[in-house]
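Structures incoming, each one as C-alpha cells.
Two complexes are shown next, each including subunit A; its partner changes from subunit B in the first to subunit C in the second.
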Partner chain A sequence: MAEAVVLHPSLRLVGRPLPRHDARDKVAAATAYAADWGMPGMLQATVLRSPYASARIVKLDTGRAAAMPGVAAVLTAKDVPRNTLATDVPGQTTAVGPLRATLHVLATERVRHQGEPVALVAAETLEQARAAAEAIEVQYEPLPGVFDPEAALAPGAPRVHEAGNLLAHWRIARGDSAAAFARAAVIVEGEYTTQFVDAAYLEPESGVAWIDSDGVITIRVSTQVIEHFRDVAEVLQIPQNRVRVIGPYLGGGFGGKEDVTVEVYLGLLALRTGRPVKMVWTRQESLLARAKRHPYRMRYRTGASASGEIVAEQIDLLADAGAYAYLSALVLLYSTVTAAGPYRVPAVEVEARCAYTNNPPTSAMRGFGAMQTVFAYESQMDRIGRALGLDPVEIRRMNALRRGDSLPVGQVLETHVAMPELAERVWAALGPVRPARAAHVKVGRGLACNLQPYGRIVWLHDWSSAWVGFEMDGSLVVRCGVPDVGGGQASSLCQIAAEVLGVGLEQVSVHIGDSALTPLAGTTTASRQLYMSGNAVLKAARELRAQLLAVAAPMLGVKDSALDLLEGAVVADGGRSLPVPDVLRRCAREGVPRSHLAVYHAPAGEPVDLATGSGKVFPDYTFGAHAAEVEIDMETGAVRLVKYVAAHDVGRAINPQSVEGQIQGGAVQGLGGGLLEEVILEEGINLTTSFASYLIPTAADVPDVEALVVESGEGLGPFNARGIGEPPIGPPAAAVANAIADATGVRLTRLPLTPERLARALGLLGKAG
Partner chain B sequence: MSFQYHEPVSLAEAVDLGARFGADGRFLAGGTDLIIQMRRGKVAPRHVLSLHRVPGLDAIELNGSVRLGALVTHRAIERCASFQGRLRGLVEGAEVVGGHQIRNVGTVGGNIINASPAADVVPVLLALDATITCVGADGERTLTLEEFLLEPGRTARRPGELLTAVRFAVPQGRTATAFLKAGRRRAMEISVVCVAARLTLDATGERCVEARIALGAVAPTTWRAREAERLLEGRPLTPEAMREAGRAAAAGCRPIGDVRASARYRRLLVETLVPRALARCRKRFE
Partner chain C sequence: MIRRLVVNGRARELDVLPHQTLLEVLRDTLGIFEVKEGCGEGVCGACTVLLEGRPVSSCLVLALAVRGRAILTVRGLEGEGGLHPLQEAFVKSGAVQCGFCTPGMLLTALAFLEHHPRPTREAIRAALEGNLCRCTGYTKIVDAVLAYARGDEGHG
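After this line comes the complex of A and B, so read on.
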C-alpha cells in the first residue's frame, strides 16, 4: 500500500513496482534451491552433535560407525586440516584484530554448547548416515557451565575459553554527563531485556559439494556469503583458487547464513570421499544449534530538561555471545554506535560488553545489534514523554537528529535525516481512534523510531564489482557475485542496468552468486547489496553506455553527448537512430569492448577510537518510524494487533514492490520477536527445537502492514537509494510495548511481550507471581 | 525407521490385522501425530495399518444421535451444516485445530487416540457426554470418552483394538454449546488452555438444568469441571453464577507449568475463559 511514487521524468524503469523475474519461479516451485540439487553417485551427510552444553570429550571412537553398511567417511576434529576458523570480514583488506570471529569446525577435547558439531558422516543413504552417526561412541564428562553473561563475568566463573569470558568491550564517552544529569528536570531509569531469537528461515541450511572436472571443489550452498570459499580453502588447507562456491536463490537468510554453515563440512567430505556429497540440516538441528540473535540486558538512564530536551544518557549494555565468537564483537559495536537512537543527546556514556557463555553461539541477525537497542531507547523516550506530558510525536520531534548533527560516536550525518516527518506520518496514518469492542478490552497506540546503518564499517574498505555486457543481438547480460536472499537483490540490478542501457527488463539476463564466474560482490548482509552492488552495476552500465555512444556518434554524425539509448537503439536528436546491434558490430570491428567490469569502492576511513574519537563509522544510515494499535484483554493479558504502519526513508525506491516487501517482512519478523519468539534454554539446553514450541507469527497473527515508502532523494546507493533490508525489523517490539503502556499504564521491559508477562504486570497473577 | 505398510479394505480385515500385530502395529488415520512421533523416534511400529481404504469410517451420521466415524476430519466437522446450531461448540473446536492443511487430514479419531490433554475437539465431545466404540478380536465395546482417556498419550484402547466411532446424543430443547481457546498465536497453535461448555435451560429459560464444562491443557487428560457444573445446575444463569463456576474450575484443575505458560497463568485463563464460554452459550439462547 505504498503511496504514489513521484518518478524522475527521465527514468523508465527505476522507481517502478515491476514484478521480479524470480517471483514466478518461486511461486511455481520451479526455483532450484540448494537442497533441490542432486548428482549421480551423491552421498548423504549428517552431523553428530553434542547433547551437553559443557563437557569434556573423554573418548571418541568412530571404528564401529565407519564399518557400517554404506558408510563412506566418518570425520572428527583430527581429520580437519585446520580446525579453528578465524573469519575476517570477507574480502576486506584491513586486519580487524579484535573483531576476528572464531569457531571450531568440529569439537576437539571440549564441547562448549549443546548441538556443537562433534563428527561428520557421509553414506550412501541418509538413513545409513544417521545410523552410523548414532553408532559413533562418544563419552562425555560433564563440566560446570555458565549460562548468563552476568554470571560469566563474575569472578571465579567457569571459563568458556581459556583467555576468559569477556569477548568484547566498547565504550563511548561524549560530553560531561554528570553535569548534564545534575541539570536535568526529569530522569528516567529502565532496565530492558531481550531474548535469544532464531532466524527461522523457511529454507534450512543445505548444500551439495563435488569435485568438478577441473579438480576444483565446488559447493552449491544456501549462503549469504559466497566468499566463504576462502574459509573452506583455509579449513582444507588448499589454495583459495581450488574452491568455488555457487549461491543459488535463498529461502531466507536474515543473517543466519552469514557465517559458514554446511559448506566447510561438505568441502571436507567431498575432498575425503572424492564423491558428490549433500547435507541438509533438519529444522530441529537448525533451531538447536545455529547461531541466534544476541540476548541483551540494557540499563538506560536518561535525563531531560523540563521542556523535554534530552540532556544526558548513560547506557550499559551486556550481551550473551554464546559459546564461540562468531560476529559478536561487531554486533556489539553496532549496538554501541546506535545506543542513543535517532536523537540529539549532548552527553552520552555507553559501556558495552559481551561475554562467552555455554549457550548456543550468537551472531548476525537482521538488525545486527542496532535492533535490540531500539526496544530500550524507544521505551525510554516514551516514558520521558509521559513524565512531561508530551505526546509521542512531540517528544521525538523535539529531540530528533537533523542533517549536520552528530551521533554520540562523533559521526556527522551528511545526508537528509527524515526525522521527525516519518514519526508524524505513521502516527497520522493510524487514523481515528476506534472504541474498544468489549468491556474487558482496552485500546492503545505506540510509536517507535530507529536508525540502522547500511553498508559496512568504513575502515573495512568495502567494495563490490559487477560486469555488464551486450550480446551481439542487443540483449544484455549482468554478472555480479551477489547472493539473492529473497529481497530482490538480483532483480534490482537488472532494473538499474536496463535503465541506463535503454533495454527492456525482459532483455536482461543476470548471473549471480558464483565465486568462480561472477565478479565478487561481497556479502548480502548489512543492508549493503543494493547500495554496493547497485553502485557497481550502475558504474559498469554507465561506462558501457559511454563506450557504445562514443562508437555510435560518428556513425550518426553527431556528438555522443547528443545521443540516448532507448528501446534497443541509439537515438539522436531529431529522431535519427541506429539499432544497438549495428553499433555492437562496429565496436567489434574497432576493437571496442562491448562490456565493462566495474568496481565500486565505498567511502573509506580510518578506524575510530569510539571512546574519544569523532569520526565516521558507517557510510550512512536509514531512518524509520513505526506505529501500532493494539487491543489488550485486561483479564488475560492477551495482546491483539489491530493496525500497523511502517515508514522508512529509502532515498529512492528502485523497485517499490521490493521495498514494500522488505518493510512488511521486516515488520512482521520484528513483531514475531516482540510478541512470540523466544529460544528457551535451561542450563544451555534448548527447549524450543521445533516450530510447535518456537513460535513465529502466522498470517493470522499480524494485520496488514501499511508500508509508507518515503523518498527523500538522498542516499549513497544508486539513484540515491538507501539500504532497506534490515531497518524495518528494529521498531516493532518498542512500538507494541509503547502501545501496551498506552492502553494499560503498565510497561513491559522484557521481550517477548507475552500475555503471561502482561497478566503478571497487571497484577492478575497475584503478588508472588 | 523401517516398517511394513498395510492397506486393509474392510473393517474386518483392519481388525484382523490389528489383532495379529497387537502392540507392534499402529493404525494410521490422518497421520498428523503418528508420523511426527515416528520421525522423532517416540514410537516405532513395525506395522502401519492405513485406514483410508476401509469404507464408512469417514461418515457423519445423524439419526437421533450423532455418529462420527473415526476418520471424520476436522474440516468435515467445520463444514457440516447440521452442527451450526446447538452443536456450534463442536465447530468452534474443530476450526482452531492446527492450520488448514492439518484440518484437511487430521481426524477426530486420531485426535482422541493421541490423547493429548491439549486436544481441541476432545473437550467439546466430553461436554457432549460422548461415548466411543472400539472393535477388537473379542468384538465391539463401548466406553464413555471420559473413561477412555487415561493419561497423556494413553487411552483404554487394547493392543490391536480399533476406534471406529464417537457417538453423542443430539442436544434437544434450550441447549447451546461453545468452545474457547487461549493460545500464544492464532493458528498452528497448541492450546495453552481450552474450554468447552454445554448448557441446557428449563422450558422457561430461567434456570440451568444441565451444565457441562470440559477443559483442555489443565490436567493429565481433558478434564470435566464437575464442581463448576454443580454450581450452575438448578440456578439462574447470572453473571455471578458463571464467575463462581470459573473460580471453582480454576480451583479444581491441575495444570502444569511448561515453556508455553506457568500453571498459575493457566488457572487465570480457566477462571476467565469458563465464564466467557458460558456467556457465549447464554448469548446463543437469545
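After this line comes the complex of A and C, so read on.
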C-alpha cells in the first residue's frame, strides 16, 4: 500500500518558503491571462444588459442591430437552446424555494435586476458590437420592485419569482435556551448589518471560445470552475464531451468566478457564428452585474453566567439573495453552521433565511457566509467581556471550543482546536500599549477569532484527481485540473510531488485547468484545493514512488523498503544509487507504468437534519485570531490602523510564504469590507460601478499585516495541512469594531465602519437625522 | 494617422485613430499584452507604463499624444542576464499572487526608487497608492521594494 511508504524523515521541500514558478512567469509578464489570448478571425462580443431593476420586456427587436456593419450574430433568449442554468441546493430543512435553483441565460419577458443580460452581440470589432447592442430595440415596462429582504418577506410584497420571495431557510435548535437564558447573569442583545461587497479581482471576467479542429467547442476563460463545461453543454444542448474549458492562471477570483461568467455566452456565439469569439467585461460592467457578497441583518441575543461562560444564544439571520438564487442557500448554510463562532454554547437557536429582492444577485465570495457572522459573534463576545470585566482574551479562553466539543449543528470537532493559544499569541504580538500621539487621538485594541470550514459540504461527496508521471529523462510532470486563482494552487502541488519523488522544483512541469486533458480536480473554492488536490497529488506521487522503488529494488539487490528517492536517484542504505532514468528504462521494459492517476475522496456523509443537530456538515475547520490597534481622531471620526496581527492554525504550512500571503491578503480584503467597501444601491440601481466609487484598500490605507503561521500538525490535507484561502477574511471587521469600542466606548454595528458613521456615533455631526 | 511609437527601445510605425488610448494601441494593435487593463479609467494602475521614465495610466493617455516619447513596459526591464533585480525581489519576497497588478506595480516602484533610493515603508506605500492589488495585502510588495532598495541578496 502506498500509505506504508515512509517519507524521508526530514522534508526537503514541503514546509519551506520556496519561490513559486508562476511568480517568475508573472514578474516577466509571460503569463497569458484569459484576455491576453487571441485567435485568427476572432469576433468581439458584448452583452446588452437591463437598465431596470424590475421590469417587463414588452418589445425586443434585434432586426436593426443584426443588419449593422460587421455584426455576425445577435442572440436573445429565443436563440438559446436551453435558457436556464441550475444550481443544486440539496439538504434544505424546510421545503421552500426550488430545490434546483435556476436562472435564465438571457432574460425572457421579465428582468429582475439591473444589469441582467438581455442580448448578446458578436461583431468584427468591439466598437461595432457595442454600437449594435445599443441599436437593439428594447421596450421595458417598469414594475414595482422590492429592495430589502425584510420587505421582501412582508405580506403583499412584489414577488421577484412566482414561487415567492423566501429562497432558503435553515434552522438549528439545540438545548433548552429559554431555561438557559433564565439562568444567565448577563444578557447582551445586538443587531448587526453587513453590506453588499464586490470581489473586485483586478482581472475582469474574460475569455475566448472557438470550435477546435476536432469540432469541440473550446473555451479559454478566467474561471474558478472548469467543470462549467457541463453547464455550457447543457445550455447549448450538445453532449458534455463536445465542450472543453481551459482555465488559464486567473487574475484573482475570490468566489466571484465560481458561478459562470462569460463561458456560456462565448459558447453560444461560437456555435452560432462558427468563428472564434472574445468577450471581456469592462470594470463598470463587472461592478454592475456580477454577483456580490450577501448583506446580512443579524440579531444576536447572548446569555452568560456571572463568571463569563456563555450559556445560551438566540440568533436570527436574514440575507439578501438578490434577484437569482445562485449559491445563496449554501452561503446561508455556512452562516447557520458557524453562527455561534468558535465557542461552546450549550443552548443555541438559529433561524436563518434569505430572500429574493430586485438587487444584484449575491453568491459566493471568499468566506462564503461564514464571514458575515464573525462580525456579529465577535462583537457580542467583546460586549459580554466588557459587561463582566473580563479582558478580550480571557472571555474567549473561557468559552473556546476544544477537540471533542460539538458545534451547535452537532458536528464533533475531531482535530486540534487552536483557539485559546491563537488569541493569546496575537494579543501578545501587539506589544506594549503606546501612548496616543495627540490629545484628540485615542488608541484602542480589538481581538476577533473565527472558524471557517475548509472543503465542501460532506454530502456533496467531493473528490479530486491528479496524474503524476516521470518523463524518460527523469523530469516530472503533474497534471491536475486545478484552476490557479493566484494563491499558489499549482506550485503547492509541485512542491508535494517533488518532495515525494525526490526531484528539485525546477524539474517539475505542471499542467493545470483543462477539462479535456487534465484529470478533474473540482472547484478552486471553499479553501479546498490544497486539501483535495494536494491529497490527490500526494496519493499519486506515493503510488508512483512505490512502483519505481519496486523495480529498483532487484536492480540494487535490496528490499524496496531500504530505498529512498533523492536528487533524481534511487538511493540504497550504504550509499549505492541508481539514476532515476535507468530505473525508468527498466520500468518501460517490464511494462511497469511510469505514472499514476489517483483520485482522492473526501470524507463523505449524508445530509444532516440541522434542527436536531445530527452530525457532520463539513470535513473540518480552520481557526484563527486577529488583533488590531487603531488610532481614532476624536474630532473627525477617522480610523487609522496602526498595527495588525493575524494568526491561523494551518495544520502544516506546505509553503509558509504562500500561507503568509493568504493571511495577509485575506486580512486586508477583510479590512476593506470592514472600513471602506460598499456597493451602494438606490432602488436596485448600482451607484458604485467604478473603482473611483467602489473603494478597495490601497497600499496607503492599510498597515503591514504580521502573519503568525501556527502549525498544530493536525489537518485533513497533505502532510496534515488545513485550508487557508478563506479563513483570514473573517475576523478583520470585528477586530476593528472592537478596537474602536475599546478606544471610544462607542459600538458600531453597521459595516463598513466609515468615519462618517463613527463621527455620527460620537455625536460630532449633531443629532442623527 | 501614421504615428511612431517607441516601445522598450524599439520604434514602430502604425496607424493610430484619434480616439485610441495608448493601452488600446499597445494591446490591440501591437499585441503587447504585458500591459493589463483592470478598470479602463485610470484608477487601478494595472495598465501603468513608464513614459520618459514617469508612470502613467496608459488607459488615460491618447496614443496620438505620446509623440515618439519612450515607452517602457515590464518586458523592457529584463536585461541580458534575465530578470531585473526588482523582479527577482518580487519573486523572492512572495510579492506576487495572481500577478495581474504586478507589471504596473513593478514599473511604479521602479520610477519611485529612481528618485527615492532609501525609502521608508510608509513612503513606499504612499508611492504605490495608485496601483491596486487585491491579493497580497501589500505587505510582501513593500518587503520586495525595500529589499531591492537595500540591495539585499537572498532575502525572503
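The definition used in the following text is that the second predicted complex is superposed on the first by the 744 of 769 C-alpha atoms of A that agree within 3 Å, B and C clash if a C-alpha of one lies under 4 Å from a C-alpha of the other, contacts with A are read in each partner's own complex, and residues count from 1 in each chain.
Keep this in mind: a contact is a pair of C-beta atoms (placed from the backbone, for glycine too) under 8 Å apart; a residue touches a chain by one contact, two chains touch by 3 or more.
What you see is a predicted model, and the numbers here were worked out from it, not measured in a lab.
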Item to complete: Please work out whether A:412 is in contact with subunit B alone, subunit C alone, both, or neither, and reply first, second, both or neither.
Response: neither
Item to complete: Return first, second, both or neither, reflecting whether A:249 touches subunit B, subunit C, both chains, or no partner chain.
Response: second
Practice prompt. Decide which partner touches more residues of subunit A, taking subunit B and subunit C as the two options.
Written response: C
Discussion item. Quick one: is A:635 in contact with subunit B, with subunit C, with both, or with neither? Answer first, second, both or neither.
Written reply: first
Worksheet item: Touch check for A:472: first (subunit B), second (subunit C), both, or neither?
Response: neither
Fill in: Touching partner for A:698 - first (subunit B), second (subunit C), both, neither
both
Discussion item. Under the stated touch criterion, which partner chain does A:657 make contact with: subunit B (first), subunit C (second), both, or neither?
Written reply: second
Discussion item. If we overlay the two complexes on their shared chain A, which of subunit B and subunit C does A:201 touch? Say first, second, both or neither.
Written reply: second
Worksheet entry | Overlap of subunit C and subunit B interfaces on subunit A (superposed complexes) | 691-692, 697-700
Worksheet item: For the complex, which residues does subunit A have touching subunit C?
Response: 17, 19-20, 22-29, 31-33, 35-36, 38, 200-204, 249-252, 254, 280, 282-284, 485-488, 657-658, 660-661, 664-669, 690-692, 696-700, 702, 704-705, 707
Fill in: Residues of subunit C that touch subunit A when the two form their complex
31, 33-34, 36-41, 43-44, 46, 73-75, 78, 83, 87-88, 90-92, 94-103, 106, 121, 124-126, 128-142, 156
Discussion item. Using the touch definition from the top, list the residues of subunit A that touch subunit B in their complex.
Written reply: 127, 635-636, 638, 676, 680, 687-688, 691-693, 695, 697-701, 754-756, 759-760, 764-766, 769
Worksheet item: Inside the complex, what are the residues of subunit B that reach subunit A?
Response: 1, 99, 182, 184-190, 259-262, 264-265, 268-269, 272-273
